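In what comes next, subunit A is part of two complexes: it sits with subunit B in the first one and with subunit C in the second one.
Our next item is the complex of A and B:
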């Protein structure tokens, strides 16, 4: 990256109180403050948010998609973690 | 990874596409898929950015404050669309600045429609109605494109585009029911923008070299001619309703098929504009290049300010 180019930021927006921040896209900005200001203009022109997080893209450590099968397999095989795995006798309610 | 050969990866890739599983940035993808997307998304981004120029031309001369606020908001949206799309291009590993420099050097293309001049206020109406209308026809199916970041950007874009088309149509309605001179302005704008709008969908299917592969990859969901037909069918009745005439002597409704049939498109004009010989090609690219060069000090000043702020924080 040349010195002139601004770093890339990932932008997360909380659309309303009670909901978590959600990734909406990325943008370029000289620093974190500017990333938030730019995100206001780029991603919330129609009241889409009440709070913005900006995370520099290079700081995001992501799982490797080619390892996804082995990473998530352990949870796929544990069907007993779901309530539907269990038989509930007829006549039982509220369980 | 090493022991899996490329054709096996390609087979699995196509299987995901066929099952409508989205492709995300870090997933394996064929190089041609990546290059096709980089070309298409960057062209789309450039079109949004260059597309601000013909309309920006009228912001200071909008007939009243309401129209001015609306046009300003519309043009600002187009800037936003360009930015969503440049971000999508970056997820494919393309360098944003190089992509933009390709536009400035004339290497990259953008929608040919923006190489036509906007000579009257009515052109703001015709552009919103026809050009954004055609863009919507193109973009709605792209919301289901197989590449996740592009599809998500398109969802945002499409939500915003519907106001663009309505504000343009409103201008046309107003002019069409105004004085004879105003109605004449509206008709003149329609006359000039009708055919270039039809050309926005690209060459006929028989001439379009990328279509088949793009459809297979679910980057494209409809062919150029299908989309053009949808646009004509939707737009002709709108013109009739406000008393304007589509400038096509051969246009007729086919009772059997339920579709309008258009006259022949002047493809020589289209290719001339694509090659750079349209009325405004040079002016558009020059304006963009100058904007980057003249704005470079802002990029540098912001970097210097950010560095100063960082020092102050760590002190």
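Our next item is the complex of A and C:
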């Protein structure tokens, strides 16, 4: 068996109209077309979706975990960014 | 035996035996993703067999259901084509067998959707969606392997050379078809064959594959005359029902 592996693809599935595509996992495929077909077989067998996006993993530019402190922690101390200082009027449900 | 029963048995047995062959790949696929794809196809085919054989049992009216027909007939009572019982061989052979079959099944189900027999038309409509995907899957693989590396090209060409002789039986007709044709239940197989020939020609052209010049044909399955493979398939398929009659799980 050849040691050369097919490229890795990240798969996004839209579960129903109106919702956004969500990352569901990754798989290997020789090209984009095969990635979508494999995703259909691997991730939508139980009616999980109505649309598939495949993005080659190498094209995903990710944040650096070692920079997490400077990227994400500053927002922890800024509670005023959350809409928690309002009184919700009676009769408003689903908030 | 009614012509309708015989015809549905032919369709159902093609699905059952090819589904069984594809299920043999479960856990042995060349890659994980393809393993799942082939198992899906196997399940689709077995599902079609269930609908068709249950309906055949109804038409027959002797109290046999799909399970009884699938598991408790003798080899000569199976009417699948020789093509679908051929061994899996390498991945290319399996794909070529599937492609030759899918290219015939798609136009067949398209035509059967308009059958005057409502049940057959409903089964065809449901199966067509699955079959379209099977054909897309198998034709893309034929093209990838044919127009791939030197080795993949050579292997799938060999698969074509081996399997080509079994392809004409897909278009076998006899008095069963003549009867159903006159009743408007089926359409002329010539239309299906014409469409099959176009699909096969286009895909092989793109895959840079040569149709064998040797046109010798091997037939028999539709009349219950099978290759030696059939006994082995049935031994595995029927073992449980034969050893433990009427068991369910």
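As a working rule, the second predicted complex is superposed on the first by the 80 of 95 C-alpha atoms of A that agree within 3 Å, B and C clash if a C-alpha of one lies under 4 Å from a C-alpha of the other, contacts with A are read in each partner's own complex, and residues count from 1 in each chain.
Note that in this section a contact is a pair of C-beta atoms (placed from the backbone, for glycine too) under 8 Å apart; a residue touches a chain by one contact, two chains touch by 3 or more.
Keep in mind it's a predicted model, so treat the numbers as computed, not measured.
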item: Simultaneous placement of subunit C and subunit B on subunit A, clash or fit; value: clash
item: Broader residue contact with subunit A after superposition on the shared chain, subunit B or subunit C; value: B
item: Which of subunit B and subunit C A:26 touches, first, second, both or neither; value: first
item: Partner chain(s) touched by A:45 [first = subunit B, second = subunit C, both, neither]; value: both
item: Touching partner for A:8 - first (subunit B), second (subunit C), both, neither; value: first
item: First, second, both or neither for A:64, with subunit B first and subunit C second; value: first
item: Partner chain in contact with A:83 - subunit B first, subunit C second, else both or neither; value: neither
item: Which of subunit B and subunit C A:34 touches, first, second, both or neither; value: both
item: Colliding region between subunit B and subunit C, picked from 5-13, 95-103 or 239-247 after the shared-chain fit; value: 239-247
item: Contacts on subunit A seen with subunit B and repeated with subunit C across the two complexes; value: 6, 27-30, 33-34, 41-42, 45
item: Touch list for subunit B against partner subunit A, complex; value: 1, 24, 26-28, 73, 76-77, 80, 83-84, 87-88, 90-91, 96-97, 149, 152-153, 160, 296, 299-300, 302-303, 305-306, 309-310
item: Footprint of subunit C on subunit A - complex, ascending; value: 6, 27-30, 33-34, 37-38, 40-42, 45
item: Subunit C residues touching subunit A - in the complex, by the definition given at the top; value: 31-34, 36-37, 40, 133, 136-137, 140, 144
item: Interface residues, subunit A side, partner subunit B - complex; value: 2-6, 8, 25-31, 33-34, 41-42, 45-46, 62, 64-66
